[in-house]
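Should a chain be cited, it is by its letter among A, B, C, D and E, assigned in written order, with residues numbered from 1 in that chain.
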Amino acid sequence: MTTADLILQATDIRKSFGGVHALKGASITMRRGEITALIGDNGAGKSTLVRTISGIHRPDSGTITLDGEVVSLDTPKAAQKLGIETVQQNLALVEELTVWQNFFLGREKTKGVGPLRWLDRAAMKQTASTMLGDLAVNVPPVGSRVRRLSGGQRQAVAIARAAGWGSKIVIMDEPTAALGVQETERVEQIVRKLRDQGVAVLLISHNFDQVMRLADHVWVMRAGNAVAERRIAETSGDELVSLITGAKAA
Amino acid sequence: MARPSAVRSALGEARRLSFWAENAAPIGLLVLVVVFAALSPTFLSPGNIKAMLVAAAILVILGVAQSFVITTGGIDLSISATMTVGAVGFGLAWQAGAGFIASALLAIIASTVIGVINGLLIASGKVTDFIATLGTLSLATGAALILSAGKPIQVTSIELLRITTGSVGVFGYPIIIAAVVGVLGWFVMFRTRFGLHVQAVGGSEESAVANGISATRVRIAVYVISAVLAGLAALLLVARVGAAEPTINTSYLLNSIAAVVLGGVSLTGGRAKIVGPILGALLLTALANGLTLLGVSQFYQPVAVGLVVVLAALLTRFQKK
Amino acid sequence: GCSTGGGASDSGSTKVAAVIKGLDNPFFQAMEDGIDDTAKADKVSATVQAAADITDTTGQADKLTTLAGQDFGCFIVNPISGSNLVQGLAQVSAADKPIVNIDQPVDEKAAKAGGVKIATYIGTDNTKAGGKAGDFVASKVAAGSKIAIIGGISGDVTSAARVDGFKAAIDGKLDVVQESAADWNREKALTTATDILAANPGIAAFFAANDDMGLGIVKAVENAGLTGKVVVVSVDGNKDALQSVKDGGLSATVAQYPYAVGTLGVQACQVAIQGGKLPANVESPTALVTPDKADTALAKFPQPFESFDNPLEKLLK
Amino acid sequence: MARPSAVRSALGEARRLSFWAENAAPIGLLVLVVVFAALSPTFLSPGNIKAMLVAAAILVILGVAQSFVITTGGIDLSISATMTVGAVGFGLAWQAGAGFIASALLAIIASTVIGVINGLLIASGKVTDFIATLGTLSLATGAALILSAGKPIQVTSIELLRITTGSVGVFGYPIIIAAVVGVLGWFVMFRTRFGLHVQAVGGSEESAVANGISATRVRIAVYVISAVLAGLAALLLVARVGAAEPTINTSYLLNSIAAVVLGGVSLTGGRAKIVGPILGALLLTALANGLTLLGVSQFYQPVAVGLVVVLAALLTRFQKK
Amino acid sequence: MTTADLILQATDIRKSFGGVHALKGASITMRRGEITALIGDNGAGKSTLVRTISGIHRPDSGTITLDGEVVSLDTPKAAQKLGIETVQQNLALVEELTVWQNFFLGREKTKGVGPLRWLDRAAMKQTASTMLGDLAVNVPPVGSRVRRLSGGQRQAVAIARAAGWGSKIVIMDEPTAALGVQETERVEQIVRKLRDQGVAVLLISHNFDQVMRLADHVWVMRAGNAVAERRIAETSGDELVSLITGAKAA
């Protein structure tokens, strides 16, 4: 493997919230066309690391390299423009808006001329409906407000949204934590489909079976640092557990 | 066998209650109109309708302005002070010999300055809306007094006179201007990206930001919109009273909020309405007009307004989520 | 009571409509009483409406336009500002109904622009009232003494007129060390006066733009233990103020007799409805009430305690 | 090697900023006192200090009242109207020949009625705090006018006179009463179950309810507390001016909210403070006093108040979460 | 087995939210000293059912029997008084309050005489600290605000709170969804310990391994109904999946 394989390199990322040092110089890498898992105990800093990559948090120090070039991911918009989509742990849905409005939030389709542009509502409803149908079991009508959806339905909306933009990197922060069997199965299918399309997926999960099942590569975080990496083919659930707890050194 | 029908009728009831709640403003307006029309023959005379509509114009514009702000979960307490600053701006420019257009522009610019301050404080300075606009309410009050040296500026402009007196049928120019503002407001809110972003930021700022929306820009924008509309309202105000006065007409502030609430908009933000607040503004105006027609003592008028606001709010509770 | 007895046609209506300033102030309540009592005595139907408060310019205008469309024979108006009622008055004038302007004059230029014809103006010159207070203060304290002025809401027209009149009267004789605003409010005037007394121990007199604030100042003076040493004068002539003058609190108040203004307004309307010719200006009485006159003033309240020449009585058939 | 020290100094800066933010009210008060004392020799004279403290008493009490309401995430816009109703209640009872105690009780009962209406509307009727109290603001305004027929009622009670004039050192009886209210308020908020429940309901109503707290009762209680304190403030108000007046002193409303904000309490609720709002009330009073002492034009006073509120709010941003 | 073994019976529970029929006559039972699992797809109505038992929702119709007696669970307080404790899916913590304040929320210890009572802060801090120490890996200081805790730490606080009151029934709605390996292990230990103390535990979980590992009995929900029950000893993960999806009839 050469560094050319690496689509993303986050190097020595530090981030503190007031007195809490959430990241203490964490470095991870992701490879093209692979599913990279990120595991670690609660509070290890997984979500924080992922949020610096998706442009929500600005790291205190450290660099992020995308396709070999150092990039500045100051805003979620910037990350999206560079092809990084994220399913946040909190899903990032607006409850009072409808499913299709959430789907296209921030990248609405418009029609009209010049500066006089209005929303192309029909087209957006149509697209959202199709994309959601590919994923969810009980597809909610795209015109219903997210407030009325169950936890699983919301997750489905958020995942379908992130998967739908033909991006280079899709980050999923515990995407199946609240999902039932069928939905979990569908999400795993999508994740595989994304990989097969050449998308690099970063998956945070507490479910070892899932990680062993899906991922190609895994990074282990502990107390704000990425302490170890393993090829899935060369590790076992037990080894991962001992890496997480620190029972085994990296 | 008794169960389902009982359940069904209970459901029907709920459906009916939520129907009333969703339509509190139009229904309330209708009830008021019927009651006042029955009690006073003049109420529905063309002259009185025209007078009511003209009287409602300023409040309609402020209601639309306030609705944009409240949809983001904010509130603009400085709205009537901003209007006063606009009025004083117009007066000063007029006094200095500027023409109508130039004076009108200056009025709107003066108001906009307050809006920009609000926006920057709230969006960039992360000051709570309530506090920031409470602060600018004081600032604008002082500014209006200082600029005008505390004295009203008499304005007799032909253009303003035309605005006051012109009409198409029972629709005076002021209410036509207000209607245009309403239609534009509706379009911007429900048919443009910006409007959707306003609702998104009000619904969940965190989620909106995570989707690449700049909450800062949206918040600044709604306060600027509010201020620009307050500036426009200032022109109607100067036209109406024939002078630019430096005192703040606080009842416009409270009534603009009441209109939005009567229109069924929740102060927590996220759910936009434009038609509702406009009807709310008409309702409040019709209420004051009807009570005056009936010769109800001044002392009872705040009680009537208070009751209407409370009843409407109680109804809103049954709105569908 | 909504009698529609006489008013068959517009011109024939004998009903009187009055739009005055906020009723949350005793001054305007007395004015309303004057209108109501006189109307009752003379068997005229009168409707009185008032603004919500002293800043409610458009609300007052709305009230007038509401009434203007109705069957009234004459309108009495006490506008909040010089021009806020012009629009409604234009409507009234267009219908050729007489307008009696009381207390606060309608701005001449604005009236002309709007085609408003004022049948008569009844009122006290607020500037003159302030002047009377000024003369009194100047006569009471040593020349060059330090004095303070407390006005109503900043930007209010009436307050400005009274204060201007006061200042003109004492110009060059006394030293105004401070001018503040207390929003027509007794408690604010009390706080402000307390502060002014602290800052300027040698202060000799206060002028307040209305009685309520004057009574607040009296309280502040009392708290400072300076009763009798500091002259306090205000304008209005409310009952509480007259009592205070009698009790040695206020040094004097310039009574404007709002009750009489109301009475005159109704009488002027009657004359106008009967087709009589009204003088352009009727000066309603004002009087400086000092402790020696307080008893008489209280006894006669709300009527003027000094007889005055009422030109309207002669015109009434 | 350069890194750590840079990081440490940055942290120190943050620590310092948050220190300022946490203590905006005391620091602001101190700055004002130093500035005014330097500019005006009278400012720190015992007489002026006493006058300031007495003038602050009503606002301190209202600030404590408002702080309870705001901690639940609510707001009491009717607070000054409620005070007026209390004052009118006192005046009417006094006029009818009731003694001081009976009149005082009636004042507090009259205020409490408004508080109960607020509480029921908000807690049981699920009306937003802002709207419910906006409605009762109107209702109470009308009620005060109707009850008093719009006329001030002169009250010359020996007991009230004693309250106004009595003092221990520079501490007049009114500020002593206010201090007692402050101490009791602090104890109730931070050392009793009820206070904890107030904070819990403000922090997350859903979670509080899931833990068996009756949010309804807590909300009703805070509005009743607010109204009772407004009634107590009404006694001080009547004592102060020697009359029960039916006009609403809106500046008490705005200042009570400003005091709470200056005291570092967030309007979103959940985090209680009592000392902060009291210092905020003192600060606002000192500001008005100092500006008057210095003879600053009345036009500039709202500007000064606005600036202080905005600056304090900007500082609050740096508070530790 | 007799009905005397049943500590709780919920019979024919119906609950609608506006037009959404979340529960359409669901009935479940729980036995003394057993762990009962409740599984089902997203939106099946698990949380809603559990919320009627813990007194948060009032059912539109149906009865709940506790120890053979019909009880009315109108408020969370009423349920707590009858010995039913719940860890809500949303944890029901107040972020602005400290750990110990959350711990004792609604049942604070006080001292003082008669009506003049104040909080016994020292005692509460002490107790909370002890009870939390039994459970969590990285015990947060009891004086810190919940706002500052990580997702896992919060879950630990909520579970420790529910487990700490010597109750008859403890309900846990997806208690380990957001937890790491070690925390999950601890929670499972606690669940077992509760059972061993004779407490009936109702466990909602999407994790079949966990259900098979922990539970004695399982109820399956589908579309607002409890469609099947199984003894764990007599079923398999595959059967449960087919029951959830409806591939296999009850």
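Just so we're on the same page, a residue touches a chain if its C-beta (ideal position, glycine included) is under 8 Å from a C-beta of that chain, and two chains touch if they have at least 3 such contacts.
If you want to know which protein each chain is, UniProt gives these names: A, E = Sugar ABC transporter ATP-binding protein; B, D = ABC transporter permease.
Here the structure is a predicted model, which is why all the values come from computation and not from measurement.
Participant: What shortest step count links chain A and chain C in the network of chain contacts?
Facilitator: 2
Participant: Enumerate, in label order, the chains that touch chain C and chain D (ABC transporter permease) alike.
Facilitator: Common neighbours, chain C/chain D (ABC transporter permease): B.
Participant: Considering D-E alongside B-C, which chain pair is linked by more C-beta pairs in contact?
Facilitator: Most C-beta pairs in contact, of the two: B-C.
Participant: Would you identify the chain whose Cα-based centre sits farthest away from the centre of chain E?
Facilitator: When every chain centre is compared against chain E, the largest gap points to C.
Participant: Using mean CA coordinates as chain centres, what's the gap between chain D (ABC transporter permease) and chain E in Å?
Facilitator: So the centre of chain D (ABC transporter permease) lies 42 Å away from the centre of chain E.
Participant: Measuring from the mean C-alpha position of chain A to the mean C-alpha position of chain E, what distance in angstrom results?
Facilitator: 30
Participant: From the mean C-alpha coordinate of chain C to that of chain E, what's the distance rounded to whole Å?
Facilitator: Between these chains, centre-to-centre, one finds 72 Å.
Participant: Measuring centre to centre with CA averages, how many angstrom lie between chain B (ABC transporter permease) and chain D (ABC transporter permease)?
Facilitator: 29
Participant: Among the residues of chain C, which ones contact at least 2 other chains?
Facilitator: 23, 154
Participant: Can you tell me which residues of chain B (ABC transporter permease) touch two or more of the remaining chains?
Facilitator: Chain B (ABC transporter permease), residues with two or more chain partners: 145, 150, 250, 298-299, 301-302, 321.
Participant: Residues of chain E that touch two or more other chains: which are they?
Facilitator: 148 - these are the residues of chain E that touch more than one other chain.
Participant: Using the touch rule from the top, collect the residues of chain E that touch chain A in their complex.
Facilitator: Result: residues 20, 40-44, 89, 137-138, 148, 150-153, 155, 174, 177-184, 206-209, 241, 244-245 of chain E touch chain A.
Participant: Show which residues of chain C lie in contact with chain D (ABC transporter permease) when the two form their complex.
Facilitator: Contact set of chain C toward chain D (ABC transporter permease): 23-26, 29, 151, 154, 177-181, 183, 185-188, 190-192, 194-196, 198-199, 201, 212, 215-216, 219, 223-224, 240, 243.
Participant: Which residues, counting only chain D (ABC transporter permease), touch chain C once they are in their complex?
Facilitator: Within the complex, chain D (ABC transporter permease) contacts chain C at residues 40, 42, 45, 47-48, 51, 55, 145, 149-152, 154, 164-165, 237, 240-243, 245-247, 249, 251, 288-289, 292-295, 297-299.
Participant: Can you list the residues on chain C that touch chain B (ABC transporter permease) in the complex?
Facilitator: Those residues of chain C that touch chain B (ABC transporter permease) are 2, 22-23, 47, 49-50, 52-53, 55-59, 61-63, 65-71, 81-84, 86-87, 90, 107, 109-110, 113-114, 153-157, 160.
Participant: So in the complex, the part of chain B (ABC transporter permease) that touches chain A is made up of which residues?
Facilitator: Interface residues on chain B (ABC transporter permease), with respect to chain A: 187, 191-193, 196, 199-200, 202-204, 206-214, 270-271, 321.
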